[in-house]
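Next come two complexes, and both contain chain A; in the first it sits with chain B, in the second with chain C.
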Partner chain A sequence: MSFLRKLGKDPFGIFIFIALFLFIIGPMISVILWAFSVQWRYPSLLPTQWGLKFWSQTFKRADILQALPLSLFLSLIVTLISAVICLPAAYAFARLKFRGSQFFLLSFLATNAFPRFGLYITIAVIFLKLNLVSTVLGVVLIQLVNTLLFMIWIPTAAFKGVDKSLEEAALDVGASRFRVFWQITLPQVIPAISAALMLTFVGTFYETQGAILIGLPGVRTMPVLMLSLINNQLVVQYGAILSLTLWIPSLLMLFFARRALSGKSLAAGFGV
Partner chain B sequence: MASLQFNKLDKHFGAVKAVKDLNFKVNDGEFICLLGPSGCGKSTALRMIAGFEEPTSGDILMDGQSIISMPPNKRPTAMVFQKYTLWPHMTVFKNVAFGLQLRKLERKLVETKVMTALELVGLKGYDKRLPAQLSGGQQQRVAIARALVLEPKIMLLDEPFSSLDAHLRVRLREELKSIQRQLGITTIFVTHDQEEALSLADRIAVMNSGWVEQYDSPDVIYARPSSQFVAGFIGSMNLFEAHNEKGMLKLGHFFLKTNDGVNGSEVKIAIRPEDMEIAESSGWPAKVKQVMNLGPFYSVLLEIESLGNLKAMFPKTSQVKEGDVFSVLPNRYLVYHDAGVEEIRL
Partner chain C sequence: MSTSTLTKKEQSRTKSNWIAYLLISAPFFLMVLLIVYPASLSIIRTLRPEVNGTRRFGLENYLAFFSDHTSVTNLVFTLWSTGAIIALLFIICLPIALYLRFTESRIAHFVQGLALFPLFVPGIILAYALIRFIGPNGLLETFIEVTTGWQGYHTPYLKPSGSIIGLVWEGIPITVLVLTAGLAQVPDNLIEAARDVGAGRLQIFFQIILPLIGRSMLIAFALNFLGVIGAFTLPYLLGPAAPQMMGPFMQRTFYNVLNPDAAETQAVITFLLSSFVGFLYVRSAVRQQKEEA
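Then we have the complex of A and B:
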C-alpha cells in the first residue's frame, strides 16, 4: 500500500511504472495468452478460442523432444566443466601472488567486453578444421568461453573476502591445508559459488550465438529451435509455448536464489 | 608449558627489516608482553613463533629444541588473533572442539574438555550459539577458550583486546591474567598499549623498529627505562636537554646534581610527573597553566621559565588551582648520556 501511495505522489514514478508495465509485463501477458489460445483472430482483444491443444502438439514435435534434454545436458555439462576449471583458478587468483594476476583476471573480461560474434567467427574457422562444427563437443567448448567471466570473477571475489586469519586460526589448532580449505574456507563462499553456478547454468541454457554458429545443423538447442520456430512458422503458439517453457529455468533460479542467497552475497561476489 | 628462546632472529620482507636480531629468553610459565608502536615488528615476531612467518635467519627454540622447521599446524602453540576469528558457520561448541576433534579424541572427552574451557572463560551455557550471536568480548573469550582447550605449551595473543571498549578491555585483562596464573601456561602477549603490558606482564620486551630496546620487569621498565625511546614510550615523561658542566647538570637556568656515572657534556634529563614535588622556596618557580582531575590525583601542567612546559602529578591534598604560582623540584630523575642511563635521587 505504501508503495502505491508513494507512487501516487510522484508523476515521474507513475510514468516509469506504466512504461515498465507496457514493455515488460505487456509482452509477457501476450505470450501467456498466445500459449493458451487455440484461435485468436484480429481484431478481438482476447483469444477467440482457449485450450491446450497446441501444448500437446508442441511437445509431440520430434525436434523439441530432442532439443530439451540436449539443452539441459549441455547446460549441466558446461557448468560442471566450467566449475572444475574456474574454481581452482579463482582460489589461485584470490590467494596466490603471481606475476600478472591482475592482467589475467582482467583478460576474462575481454570475451564480454567486445562483440562476441567476431570472436566466434574466428573460433568457428578453427573448429571447422578440427571437425568440431555441428558436434556437441564443439558447442560445449564455445559455451565454456561464455561462462569464464562469472565463474572466475564471482568466486575470486568471494575467496578474497574470506578473512585469512580464519584460515590461520584453523591451521593453528592443527588442521591440514586441505582440511582448512574444505571445512573453513569453502563454507564461507558457498553462497557466492552457488550464485555463480546458477548464473552459468541459466546463461548457458539461453545461449544462442555460439550454439547457432557452431552447433547448426547437427546440434540444435532449445533457444535455437525457438528462434527458428518463431521465424519460420505461421503458428504463433509454438513460439509462445516454448518461450513459456524456457522461463522455467529462470524462475527456478530466482526461487533458489531468493532462498540460498541474499543480494548481499551476490554483491560481495562482484566485489561491491 | 615450555620455555622459549630467540636466537639472533631476523625477518626481512623484501628490503624491509621487520625483525632485527631478536635475542631473548622466556621462562616456563612466564607472562611476556611484546610492547611497541605499530610497525615495530612485535606481531611478526609472534607470527614466527606460531609458524605463520618463516624467519629469514636465526632460530627459535622451545625447551631447547628448534621449532622453525615445523609447520604451524604441528606446533604446540595456540594463538588468539586481534580480530574475532571464530569460524562463523560453526557454533561456539564446534569452534572450541574443532582442534580436539582433529586429534581424534573420544567424543565424551571432547565434550568435557570444551565445557571446562568454556566455563573457564565464563561462557557456560553459550555452547550452542553462533559467533554472530555473541558480543565482541564474548567472541574473544571463545577464542581464548579455543586456544586453551588444546593445552598448548605456549599461548600467543596478538592484541586480542584492542577492538574492545575500555571497560571490557580491563575486565578481560584481569580475567586473562587470573587464568594464566591458574594454569601456569607460558604466554606471549603482543600489545601497543603500555598500560596493558605493565598490568599483565612478568616481563616486557619493548620493541622499536624491529629490535628489542629493553627486556625487563614492568617495575624496572617504568622506573628505569634504558633508552630515551622507552622513556618516551612508557608512561608520561618530561624530557629536557641539559649540559654537564663542573659537576652539575644545567637545564635552562637551573642546576641539578649529577654523579660520577654521567659521561659527556650533552645529556637528556627525564622526569616522571609523579616525581615532581612542591618545594619550599629554593625550587623552580612554576605557574599552573592547567589542572586535570584524574580521580585519585591532579595532573597539572606547569609553565617554568627557561624550561617551558612540565607535567606533574600532585595529590588531591595539594589543592592546586589554575594560575597558582609556587616552586617545584624533582625528587628523582634519569640522566641519559653517551654511555647509558643514570638514576639520581635528591
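Then we have the complex of A and C:
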C-alpha cells in the first residue's frame, strides 16, 4: 500500500516507464510469443496454438548447423587476436612513458570517426583486389576494426587505475617485477579486461555489416543467415527461434557483466 | 652519446621507450592498414577517374554521382532521416536523462534499466523483433484492433519511418548514457542557488543546465550522426527500397550492381558529409583526455 502511494508521487516517472516499456520491450515480447507458437492467426492477440514444434525443425536446418559453429569460431578468433595485440598496448599506454603516447592513444578514435559502412566499402574495394572477399581471413580482418577502440581504451583506463603504492610496497620487500605484475597488477584489472573481452566477443558475434559485405557468398555467419531468413521468410517461427537463441550470449553478458560494465567503463569505450 | 654516460634512470627510460613502441605497434599498424589506408586510398582513387585508359585528377566520379537522380534522392533521404532520428532522440532522451539526474524516486532505477536495455539487443534481432511488432498484422496492430476496434493502422515497415523507428530504438542507450554523464557534472548547489533566488524550472534548464552539458550534447549528436550515416542493417531490413539510405545503397551498388568504383564514390561522399562531425567528435574526446591527464 505504501509502495503504491510512493508510485503515485512520481507520475512523470511512471509515464516514462510505461512509454519506454511499450517501445523497448514490446518488440521483444512479440519475438518470444512467435518462438513458442505453432500457429498464430490474425487477429488473435496471442498465438492460436502454442508449442515447440518449430524448434527441432529450426535446428535441423543445414545452413544453421553450419553457420553457428562458424560464428562462434570467428568471434573467438577475433577476440583472441584483438586481446593479444591490444592488451600489451593498453599496458604501454597506461604505464610506460614515451613520446607521442597521447597521440597514439587518441589515434584509435579513428575507428569511431568514420561512418562505419562507408569505411567498410573502402576496405571491401581493397579486399576485392586481394581476393580476400568471401574468405574467413577477410571477415576476421574487417571484424577486428570494430574491436580496437574498446580493447585498448577500456583496459588502458583500468591499468591507469591500478593502485601503485601496493606494487611499490611489494617491490620493496623483494618481489620480482613479474610476480608483482602477476599477483598485484593483474587481479586489479581483471574485471575491466574481462568486460572488454566479453564486449568484443559478443559484439563480433553479432557483427553483420562487415560480414555481409566481405563474407558473402562463401562465409555465411549467423547474423548474415538471419538476414536472409528475414528477407525470404517462409516460416515466421524460424526467425523468432533463431533470434531468441542468438540472443543468449548477449543476455549472459547482461547478467554477468552488470557490475563490471559500469557506465564509466562503457563510456571509456566511446571516447567520452 | 654512449650508453655508459647515461644515468641509470635515463637508461631504463630509453629502454621502456623502445618497448612501449614495440607494444603499441601491432594495433597501431592494424588501425592504419584497415582504416587510414583504405579511406585515404578511396579518396584519392575517386578523385583520379580513368578516362580513355589513363588515370588523372578529375571530378568525373562526383559529377556522375550528383547528376544521377537516384543517388541524389538517396543522399537527401539519408540526411533527412538522420535529422529526424537525432531530433527524436534528443526529444526522448533529454527528459529521461534529466529525470534520472534529479529524481529520488525508485522508479528511476527501472527507467534507467529500460533505457540501457537496447545495448544488449543486437541490431539483427531488433530488426526481426520490430517487423513482428510494428509490421503488417503485427502485435501492435493486433493489440490496437483488439482493444479499440480501430482498423486504420498503417505499418511503418518498409517505409521511411520504419528505419527511423529502428535507429531511434538503437540510439536511445548511448544518448541517455552520454547525456546522464554530462548532467552528473552539473553541481547540485548551483541549481539550489538558482531555485533560492526564484528561478523557474525552464529558466534553470535553459540558463544553467543547458550551457553546462554542451559538450555531452555535442558528443551525443556526433555519435548518433556517424552511427546513422554509417548504418546498414536496420535501414536495409526496415526501410523502403526507394529511396534508400546510403548504407543499403552502397551495398547494392557494390554487391548487386557490381560497381565498386561507384560504391567507393558513395562511401567517400558519406565521409565528406560526416567529416565535420567526425572532427568535432575527435576534438572533444581529445580535450577530455587532456583535461584528465
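Everything below uses one rule, namely that the second predicted complex is superposed on the first by the 249 of 272 C-alpha atoms of A that agree within 3 Å, B and C clash if a C-alpha of one lies under 4 Å from a C-alpha of the other, contacts with A are read in each partner's own complex, and residues count from 1 in each chain.
Just so we're on the same page, a residue touches a chain if its C-beta (ideal position, glycine included) is under 8 Å from a C-beta of that chain, and two chains touch if they have at least 3 such contacts.
Predicted model only: the values in this text are computed from it and were never measured.
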item: First (chain B), second (chain C), both or neither touched by A:N131; value: neither
item: Winner by number of chain A residues touched, once chain B and chain C are compared; value: C
item: Touched partner set for A:I14, first chain B, second chain C, both or neither; value: second
item: Chain B versus chain C as contact partner of A:I25, first or second or both or neither; value: second
item: Partner chain in contact with A:V173 - chain B first, chain C second, else both or neither; value: first
item: Partner chain(s) touched by A:P187 [first = chain B, second = chain C, both, neither]; value: first
item: First (chain B), second (chain C), both or neither touched by A:S165; value: first
item: Those residues of chain A which chain B touches in one complex and chain C touches in the other; value: none
item: Of all residues in chain C, those that touch chain A in their complex; value: 13, 16-17, 19-21, 23-24, 26-28, 30-31, 34-39, 41-42, 45, 95-96, 99, 103, 105-108, 110-111, 114-115, 117-134, 137-143, 145-146, 169, 172, 174, 177-178, 180-181, 216, 219, 223, 226-227, 229-233, 236-237, 246-247, 250-251, 254-255, 260, 263-264, 266-268, 270-271, 273-274, 278-279, 281-282, 285-286, 288-290, 293
item: Chain A contact footprint on chain B (complex, rising order); value: 50, 52, 72-74, 77-79, 81-83, 85, 87-89, 98-99, 102-103, 143, 146, 150
item: Residues on chain A engaged by chain B in the complex (per definition of touch); value: 163, 165-166, 168-177, 179, 184, 187-188
item: Complex contacts: residues of chain A adjacent to chain C; value: 6-7, 9-10, 12-14, 16-17, 20-21, 23-31, 33-34, 42-45, 85-86, 88-89, 91-93, 96-99, 101-102, 104-119, 121-126, 128, 141-142, 144-145, 148, 151-152, 206, 208-209, 212-213, 216, 223, 226-227, 230-231, 236, 239-240, 243, 246-247, 250-251, 253-254, 263, 266-267, 270-272
